[in-house]
Structure formats: structure tokens, C-alpha cells
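You will see two complexes here that share chain A, one where it goes with chain B and one where it goes with chain C.
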Partner chain A sequence: MNDMRLFERAATVDEVKIRAKDVNVHYGIAHALKDVSVDIGDRLVTAFIGPSGCGKSTFLRCLNRMNDTIAAARVTGAIELDGQDIYDRRVDPVQLRAKVGMVFQKPNPFPKSIYENVAYGPRIHGLARTRAELDEIVEKALRRAALWNEAKDRLQSPGTGLSGGQQQRLCIARAIATEPEVLLMDEPASALDPIATAQIEELIDELRQTYSVVIVTHSMQQAARVSQRTAFFHLGHLVEYGETGDIFTNPRDPRTESYISGRIG
Partner chain B sequence: MSPGWLFLLVLLIAAAGYVLGRSRALSATGGSLRTMHSLPGAYGWNVAMAVLIPSLLILAVWTLVAPAVLGRLVTPMMAGQEGNLSLLMSDVRRVADGLLLLGEDPASITTEGLRDRLAEAGVALGQDVSNATLAAAARYDVLGAWSHWLLTILVLSVALGAAALAVRRTTPTLRARNEVERGIRGLLIAAALVAIATTVGIVLALIFNTIKFFQIYPASEFFFGTTWTPSFGGGSELGILPLVWGTLYISTIALFVAVPLGLLSAVYLSEYASSRVRAWAKPMLEVLAGIPSIVYGLFALLTVGPALMLVFGDGGLGWMQGGTAVITAGLVMGIMLIPFVSSLSDDIINAVPQAMRDGSLGLGATRSETIRQVVLPAALPGIMGAVLLAASRAIGETMIVVLGAGAAARLSLNPFEAMTTITAKIVSQLTGDQDFSSPEALVAFALAMSLFVVTLCLNIVALWIVRRYREQYE
Partner chain C sequence: MTDLPLNGAAGAIPDFPRPARSILETDARTRARNRAEARFRAYGLAALLVGLFFLVLLLGSILWNGMGAFMQTRMTLEVELLESELDPEGTRDPAVLAETSTFGYGDLIEAALVRTVAATGVQTGLEAGDLDDLLSSGTAARIRDAVIADPSLVGQTVTFDVLPSSRVDGYIKGRVTRESLANDKNLSPEHLDIVDALVAQGTLDRGFNLSFITGADASEKRPEEAGIGVAMIGSFYMMLVVLGLSLPIGVAASIYLEEFAPKNRFTDLIEVNIANLAAVPSIVYGILGLAVFIQFAGLPQSAPLVGGLVLTLLTLPTIIIATRASLRAVPPSIRDAALGVGASKMQAVFHHVLPLAVPGIMTGTIIGMAHALGETAPLLLIGMVGFVASNYPGGVLDGFTSPNSAMPAQIYEWAKRADPAFYERAWGGIIVLLVFLLVMNLMAVLVRRRFERRW
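Then we have the complex of A and B:
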């Protein structure tokens, strides 16, 4: 862990992008998330950490209503994106997911060409009117995902033929091609080797220029390296939330301290 | 001793061998399992296997070969008689069986009234028993008794000898477990061989009879003839083309019904239906697959045909002359194939990883966009395979065609006319008493062979597609 970097990167911009209040999630009779309230800043990387089953992925999936696809899941409480309640009946979850993109734990490129993978979102949302515009969007997304140099000569070959790290960057390119405002990442580097992980982390830091990024991670080093804010979840509760530097150097809650020093988890 | 009892006796010896082998292994080590190579049961099985394999093999081979050998030995006695030798020999066999049933001494029996007495015992004969037949039958029985005794002695001595040898070989260091493992492998191979041998046998029978057919009927007329007018009096025209056309036409209509309906219901079941709906809808759909095709045939004949007549018949549009038509059979066959397509496609769609759907939904795609653009393309090879398998079933379907499509072999584009298929004609060529040396009967084998080749090709292509594209999303 590079402690020096923690203090340099205190948050400078402080607009709230997502505000969650008293969010509870039940899966059938299991109470997965209990009274979670959190403000997620714009143009910041917010990390959710905590032991397995603590509810951090569940909470992440609430932010773009992916839990709607699970029949047994029930969400209560309020989550606002730019002041608009996303669980309001007037909000179309499909529209919401175009604004709040998501990258999953395991790279999941579609069984299509690299180009088609990236063009998928822009196509369904009608973001490009001509082929040239679409080409431009695809190139821009691939460049931002640091995949352009590797992929530009093989745009028509299948996305599944890339290496694991490249596939995950392809998924990130696919997510940013729809120009979301928030990017949710569910353990994006857990299936990757250290070099690919480093590339993804570098990429996340870049994306912070334009997006609000929320990342769930098992690796505390990763949270410390890439995030400005950190939330620690434990047994469905949000235990502590604050500046990443504070959480790692000066945790207020004894549970947080035990977790980051490796005693629980 | 009859083979059945002999078989039981061999089993008994094997069981005794098991007990002996097991206890010998145990007593040699004083009951300590640690100093034995294998568990006690393995030593027992080793002995049992040593008994079973050779004696059952002898039993099986002898039972299969003995009748042929006996027949050969008796045949010279009938050589001077009038009539077809193979028919005479089958009479001899029946009389021989009958004599055993009557239980009389063959030496003292006479031909007088023998036919009636045999008939009372349940052996019906086509003509009176001649002296030569009776003599041959008596000889057959004597030889048969000899053969039984020889078999009994041989099998029992082999079984007992093998048991003794195997028990003597049983020492604690014997690798009985490995022997048993080999035995199990042999058993599995034998089971597989039976299945393969049967298939090969069927194919060979088809090939030889087809060759026989082409020796008496020109192949070019069979494959390129456009008329199908078999007549057992001679002068038939046996062109396969009208039948091929009927088969393809009906199958195509069936697929046009089954593929869209089956696929859409599969998509509904796997992607939209709640688990409660799915829990009863899927079994309901699969019940359709369990209905025997003759029931569908009845349905075609009694319900669908008349219903179509109401609309397209003389009372309605006037396009249809009778209830049995290509369209009737095609529709009903399509209904029969729906569960076949839907249940296979459902499995294939379910095999598309959830991560694919999440990825698409997470980008803001709707459910139907996800299905059309991600799930179905990923599942397409499997679905193609399912469709081809359904096609090969449609081509091989018989009862629906017999009852629903009529019997006229015809080359026509009108779906409201009666036509027929290869399978239906195989049935009609072989129904009733046939002379199996006439081209009219033998053509059934050529038809069956053509059908077999077509469905085989379809299945191979289907499996190839499924396999070729399977790993795409793994």
C-alpha cells in the first residue's frame, strides 16, 4: 500500500451525484442490506469494501436497479440520482441503466465482434445516426478504455478471443460507449492477473475525469489505490464512510479497524 | 438340462465361489484387512467373475449355434424329398418340437393321425407328416438331447474348474480389486458392443436387401422416376421422386409450424415466465411430446382434416377435395414437433450465461432487445441443431402421414391435395403377405435406405453445428 498517495488525493470536487437514504434490501426472507444511507460524490471514485456477503454488491446493484431482474429481491428506501428518485414509478429502469452503466466481476463480452460489442449500447439507444458517427464513438470508447492500440487491427474478430484483461477493458469500453454519468464496477479486477489489474486501476483513475465511479472490491489495497471515498460494509450495515485516507489510517469504528488490519473478513 | 436351469446353476456356483473366495482371503490373514491388497468382497467377486465369464460365454454361443448345427446334421435325410428344402426343414423342426411336447418315444410313433395329435398339442402343420419328416424329426430330437447333455457337462465342468482355480489363486497379495475393475470395464464394453452391433446389423440388412433390389430393378429409374405405381402383378413403376417430394413438402410445413411456435414458447418459458408458470407450463408442453404419434394421426384424420374441409372444402373456398391432404398432415406434425423444438431450445437458451443478460441489461437494453441481440445469437447454433433434429423426426414420421395425408404418390405444389411420403409407402409395401423376391416388396428396403441416409446426414450436420459453435460463450 502506498500510503504517501493517500493524502495527496483528497477530494476536491464535492457535488453529490447519488444520495441514498435508509435503503433496505430483502431477498425473500433474508435481510441483505439494513438502513444504508450514503452520498456518492460526482467525479470521484467511491470504493465499497467489506467481507463477502456484507451487502456491498447488493447495494451497488440497487444503484442502477439491476436488482429488479431478481424476482425475490425487494428494495425499500430512497435513492436519488441528481435529486431524482430512481425508484419513482415514472422512472424507466431501462433509461436509468443507460445513465448508470455497469461493469461486472467476470468479463462478459457478447459473442460478437469487438466492434459490435462496443457499438451495442450506442445502437440500442440510437446515439449515432451514421456509420461514421458510430465508428467514431467506438474508437473513442476503445481509446478511453486503453484498448484501441491492441484492438484497432482486429475490430471484426470476436470479443471472446481477447485475453481476460483485454476482455474486461472491452466491457468498460462497452459501458462508456453509451456515455453514462455513473459507472458501477463490481469487483472489476478480481478475475485478472496483477498486470491487467494495474491497467484497469489506471483506467479507473482516468475515468474519474468525466464520471462518478463506484467500485466494489475485495482488495483493500485496490480501494486505497484508486478511491477518494471508501465505504465499509459489514453484515448488511454501512459501518463507516469517509475519505479513503481517513478510513485506512484513522478508522473510527473498531470493526473497520479489525477488517483493514486483517482480523475479520 | 435346459439352458435356463443351467444358467441358474452357474449363478449358484458363482455365488458359492464368492463366499469361498472371500472367506479364503479373510482366513489367510486372520481377518486383518490391513495386510490384504483388496477388500474381502473383491476376492469374492474375482472368483465369481472367473466362474461367470467363461461358462456364460459357452452357454450363449452354444445356444445360438446349436440349432443351426443340428439342422445341418439332419438336412441330408430330407435331400430326396420334393419341395422347397428350407420349408421342409422348418416342418421338421416343428414336428421335432411337437414330439417333445407329446412326450412319446420317437421310435414307436407312426405318422398316422400325427398331424391331428400335434394340432391338439398346439403345433399346427400345413400338411400331413411324411415318413421322412418323422424320421428326421426323431433324429433331430435325439441329437438335440445329446447336445443338451454335452452342453450341461461342458458348462458345469468349466464353471466348477474355474471356481476351483480361482479359489486356489486367492491369496492376500492377489490384486483382486484391479481384476474386478477390469471385469467391470469388460462388462461396459460388452454393453456398448451390443448396441453398436445391432446398429451395424440393421444397416447391413438394409444394404444387402437394397443391393438385391437394384439387381432386379434399375437404380436410375428408382432415383429419377417420377411415377409411383406399384402393382404386384408386375410392370410397376417405382420412382422415388414423388415420395421424396411428399416427404419434403409435409416436413417443411411441419417445420414452419413447429419452429416459430416452439422457439417463441421456449423464449417465453426461459426468459419471461415466472417460476410458478414455468413449473406447470413446461411439463404441460412436454406431455405433448409423450403422446404417441398414432394419436396425432387420429387427431389429423378426425378433427383437423374435417375442420380444414369446412374452410377450404366444397362448402367453403372449394380448394380441397378431401380431409386427407399435405396441409393436414403438415399442421398436425408441426404440433407434434412443438415440444421437441421448445424443450431443446429452452435448455439451450438457459445455457446462455446470466452474465450475458446482465451485461446487456446493464447497458440499458430492454428484455426483448437483450433476447434478440444477445441471447438468441449466442444460442443460435444450438437452436439450429434442435431444428435439424426436429426435421429428421419429421422426415421419419409415419402414422400422421398414413392417416392424415392420404396415400396418393403425387408431384404437385398444391398443399390441399393428398400426397404421401417415403415412410408411409414403406408401410404399404410391406403390409400383408409378401413375396420377398419381388421388386415391389424389396423396394421398401431401398426406400428405407434412402431415408436412413437422409436422416443420418441431417443428424450429423446438426451435431456438427452444435459442436462447432458450442464454445463461443465459454
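Then we have the complex of A and C:
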């Protein structure tokens, strides 16, 4: 697309964590993502917004190579993490995913105990030497995901027995327990009540101190509340990307404008 | 905007007639629908009843015909083990005692029978030499074995539990009648007079036939001694081989195909072929086993090891199909979750996917094994025919290679033999086999219950 107008973001981004250039994704013959170029800053929250089916999740999955698991998906273009190409032949996607954690759109806890759900990542990455350390990691992760109070008395009961919103928070706890550098969150608050949502937003804000966070959301208010940068996707294009305040108060593209004012979606 | 206003009042769409109807009365459409449903239920119930009727008929006739094999007539016989006949030099050396063949015991048994009959007081027109038709032709061999095992018995009068012949057994069980003996060379009605007297005296009675379950096959002349025990051991060893090979191979192949292999023409071809293999007649596997394992690889004939190998080929497709289906049933989101926290593909499979697939794999394995347990045709081709099962294997490892048969082949062998007493054993063998299959299927159900899906 030639008429795609991007912010002159080079001036505003200080420290780039992830740099994507001309990313295209095809699912078989369907062209799901078209020439997306974006720089995601470190210690910032970046929000992806856009109507359903526009490619937000697809792009998110490119960032930790989860698309590798979809046989039909074909990714072209370049994505760099700290200046290193993540699609380089030498990159082991497993190692990459330990650095770039992910919370999925649908809560998907393991059918194991709450404790095991959170402890799994640290355990396979050898983050804890003793049981006490592991306990500590699990507790910290559950506290940050605002689930500790509800889960502390039932750590051994199955994670699948939690409510939908609790499951989503469990998945967040599981993702942050491995201490990733980038956290990709696909609609983490879609199943949460306002109180839990506020807690998660608080968590995201806190995570920003050390991580780079990318969040997909359908809630404009949420994007406005938690993010510093916002990217608007439409029909596989990245239509507009810039400071969140600018996007919401002064959108440059008419499509962005009509989306945030509720006319397309 | 040509659409009708969606949130307008109902009265805004007057063109759609809405018949006033009460929910208390059913209209014609609903009645027709309900009639169709009632008809369908009746069909279903009828089909079920027909099936049930045949099942009951089948089980009933199996039990009716087969229960007799679990009862056996026995007789007590006091035999005078004369030293002059068995051990003239008085050495009591088992090697010397073994020199007397079973014929050497014939006179002793005849004398014992004469005494027993005389004790009943029955007047009989039979010669002394005809009396041994009452007993199994294996009687002399049994007494000889007992004497060689315990030489101190020589010179004493010992009471033995001996087996009457299959005709006497049949008479006690009601299978043989005086009329049916009219054309029978093996036993005469006069013998039956003696049997009646022996029963009245308590010398001859019926008991549970443990040796049918534990014993070996016997020759055509001695149906009363035939048991399914050795064939059971053969089946057991084959199942060990089948389980030990087909489970690891099947599961490994399925995991590879389902989780790791690229989806291309080649794997499609493999997939189609596995499905086809499951439909290949079992006798084809039998002749393959004969050619490959026995003629080419030189493995022994009639060995449960070879039988197990052949049945492994037969079971593998079943296990692979079941395992792949249960792997596929694990939601992909579980794999994503594991990969998302940085697990490798193999960790995702072994830590999360496989545990969830275990119940399906176990059920498939048990059902595959149950199929293999009931398989007859391929065994006949590799020499595991029924009459081979006449000796216990020498040791635990020997069980894999010493010639043996399997339960279904033993049953087939008995069903082939002329003597109706063997026919009874065949039905009895089917009961034993069905008990095994029932237990295995029960296990499959329990496994499914125990590891019910948990997501």
C-alpha cells in the first residue's frame, strides 16, 4: 500500500526492542498481513488495535515465531530482536520464545495443577535450583497476575477448574514466571471483570519498567489507558502507528478515525 | 439503507402473517414431527432388542454347550502295585521302574477293576479284558508316572483318582445314552450298569475340572485328559511379544507422524497405507510370517515368539490409528501453551500432549491385543496348531521358543476332532477365551473412566 501513512517514528523511538520490516504473512493463498513495518520500543507498552480479522494476532505470532507451528503460514520480511534477525537459520525458536513470552487470546491452562502451570516454564528453563526458590517464583508470578489471593489455598487443584477470567490470569502468571524480555499479550483482559482488568493493567504498567509489552485489545479505553504507542491494523495493513495520545486525539488516516469513533469494526 | 429497521416495533412489518396460536395445542407440523420421532425411537428400540436377543442366544448356547467341560467325572481305584510285576529285584530305583512300560500296568489295573466291580455286586456279562473301557486310556500312564515319582508306592495297595473314559463322562453328563451306545464300539450298555452301581456306591462322581484350565492337549483318544492350560501359556507369551513390540513401535510411529512429520505426499501415502493395513486379512500376515520369520530369518516353527511377531504386524495399524486419533484429540492450544513458554516440540509432546492421549492409547492397545488374542488363521500357517500344545515349556524363557499353540487354535483343533467329548472341550475353551476378552475389555473401560478427559 502506498497511501499508508506512518508516523515519523524514528524520531520518537529511543530504544528499539523489536524492528519489523516489510513483514508479509500468507496462509496458503490468503494474504493475511501486508508489508507491515514497525519498531517496537523497549520499556514501553505498544497496543495493537483494529477490527476483527485484520491480522493483529497473526502479527503478534510472528514476533515469537509461533507461526512456525502453522503448516499453512508463510512469513516473509525481516524481524529483528535487539538487532538480531529472529528468522535467521541459526536461531532456535525455542530459545527465542523463552525471551519473548506470550499470552494467548483464548485462555489455555495446562490440565494440571495451578502450581504446575506456573512452575512449568521456570522448571524447563532451570530458573530455580531448589523447591523453595520455585515456590517463590510461583508465588511472585501469581501475585503479579492478581491471582494469588484466589489461588493460594488451592495451588494443587487443576488450573482448568478456574473461571475463564482466572484462567486468563493464570496464563499471564505462567508467561511472566519465565521472566521474558518481551511479553506479547493477545487480548489478555477480554474475559476479565473491571476489577481484574484494572489489576492486569496495573501489572502491564509495572512490567513496562523492565520489559517491552505488546498488547492486542479491542477496547479503545484500555489501549488509551495502558499504552504509550498504538498501532492500528486494517485488512492486513498497518494503517497508522504512533504515540497513543496522537492516534486517539489526532488520527491522520480517515480509517483510523472512523474506527476509533466506532464507524468501522 | 434498504434494510428494514431492525429495532422497530413488531407492527412495522405487517406483511408477515403471524397465526395466533396457543402453546397449549399442538399444530399439524408439530404433531407430524412428534410422530416421526416416536417412529424412530421404535425402530431403534427394535434394533436393540434384536441385537440383544442374538447376544443372549449366543451366550446362552455357549454356556449350555461349554459348561460341561468344566465338570469332570472321577473314579477312585484301589490298585495293588505288585512288586513282582514292577520291580522284581526290589531296587526301588526310578530308572529301573521306568523300564516297565505302560503295558506293564495293564494287568494291575484290570485286576483292580475286577475287584471294584465285584464289590458292587453287579452281575455282568463282560469279560475282565473289556472292563478297562470304563477308564481313560491314559490311566496306565498316570499311575506309572506316580510310581516313578514315588518308588516307595511299589508293593502297596494305593488308592488313585483316575479318569473314566469320555463315554462314561458323557453318560454322567447326559450326553451319552444307552440307545446311543448301540452302535458304539467304545462302550456297551453293560458297562453303564456298572457305572450306575459305582455312582450309587460313591466310587464314581463329578467334580470341578481344574485340569481343563491348567492342563495340556491330549491325543485324539483321550478327550477326558485334554486341557487348555498350555495353549493359554502360548497365548500369554504371544501377548507379551505383541505388547512389548507394538506399543512402543506404534506409539513412536504415531507421535512422529502426528507431531513431527511434515505433511506432504509421502506422509499422506504412509497414512493411507496404514489405514489399508488394518483391513488386510489376517491370513496374509500369517503367510508373510511364514516366509519372513521362519523360512528367511530361520526362527523356530510353532514358537510363540514368531506368533507374537506376526500378531504384532496385525496389531500395529490398530494401535497407530488409535494413538493418532487420541493425539489429534488433544487441543492444539495445549501445544501452543507449552511452546509459548519456551518448551521444545518434544517437551510439549511428552510433558503435555502424550499424558492427555494416554487413555486413548491404552484403550486402543487393549482392544488391539484383544483382537490378537482371538486371532486363529495366521497361527495355523506358522505351525501353532492345536495339538502342538501338549507339553509345558521347560522354563520362563523357553516359553518364547518351545513349540506351542494358542487358545483359539486349540479350540479350532478340538472342534475338528470327531469325538463329541472334544466338541464339548471346544465350547469350554471358547468360554475361557471369552472370559479373557471380557476382562481385557473391562480393563479398557476402566482405563477410560480412570483417565477421563481433564480439560
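By definition in this document, the second predicted complex is superposed on the first by the 249 of 265 C-alpha atoms of A that agree within 3 Å, B and C clash if a C-alpha of one lies under 4 Å from a C-alpha of the other, contacts with A are read in each partner's own complex, and residues count from 1 in each chain.
To be clear about the criterion, a contact is a pair of C-beta atoms (placed from the backbone, for glycine too) under 8 Å apart; a residue touches a chain by one contact, two chains touch by 3 or more.
Since the model is a prediction, treat every value here as computed from it, not as a measurement.
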*Based on the superposition on chain A, does the combination of chain B and chain C result in a clash or a fit?*
clash
*asked:* Per the contact definition in the header, classify A:110: touching chain B only (first), chain C only (second), both, or neither.
replied: both
_Let me test your reading of the model: by the given contact rule, A:171 touches which partner, first (chain B), second (chain C), both or neither?_
both
*Look at A:101 in the shared chain and tell me whether it touches chain B only, chain C only, both, or neither; answer first, second, both or neither.*
both
_Quick check on my understanding: which residues of chain A belong to both its chain B contact set and its chain C contact set?_
64, 66, 69, 71, 94-95, 97-98, 101-102, 104, 106, 108-111, 120-121, 124-125, 158, 160, 171, 174-175, 178
*asked:* Give the list of chain A residues in touch with chain B in this complex.
replied: 64, 66, 69, 71, 94-99, 101-102, 104, 106, 108-112, 120-121, 124-125, 158, 160, 171, 174-175, 178
*asked:* Which stretch or stretches of chain A touch chain C in the complex?
replied: 64, 66, 69, 71, 94-95, 97-98, 101-104, 106, 108-111, 120-121, 124-125, 158, 160, 171, 174-175, 177-178
*In the complex, go through chain B and note every residue touching chain A.*
274-275, 353, 355-366, 369, 373-374, 377-378, 472-473
*Can you list the chain C residues touching chain A in their complex?*
262-263, 331, 333-345, 347, 351-352, 356, 454-455
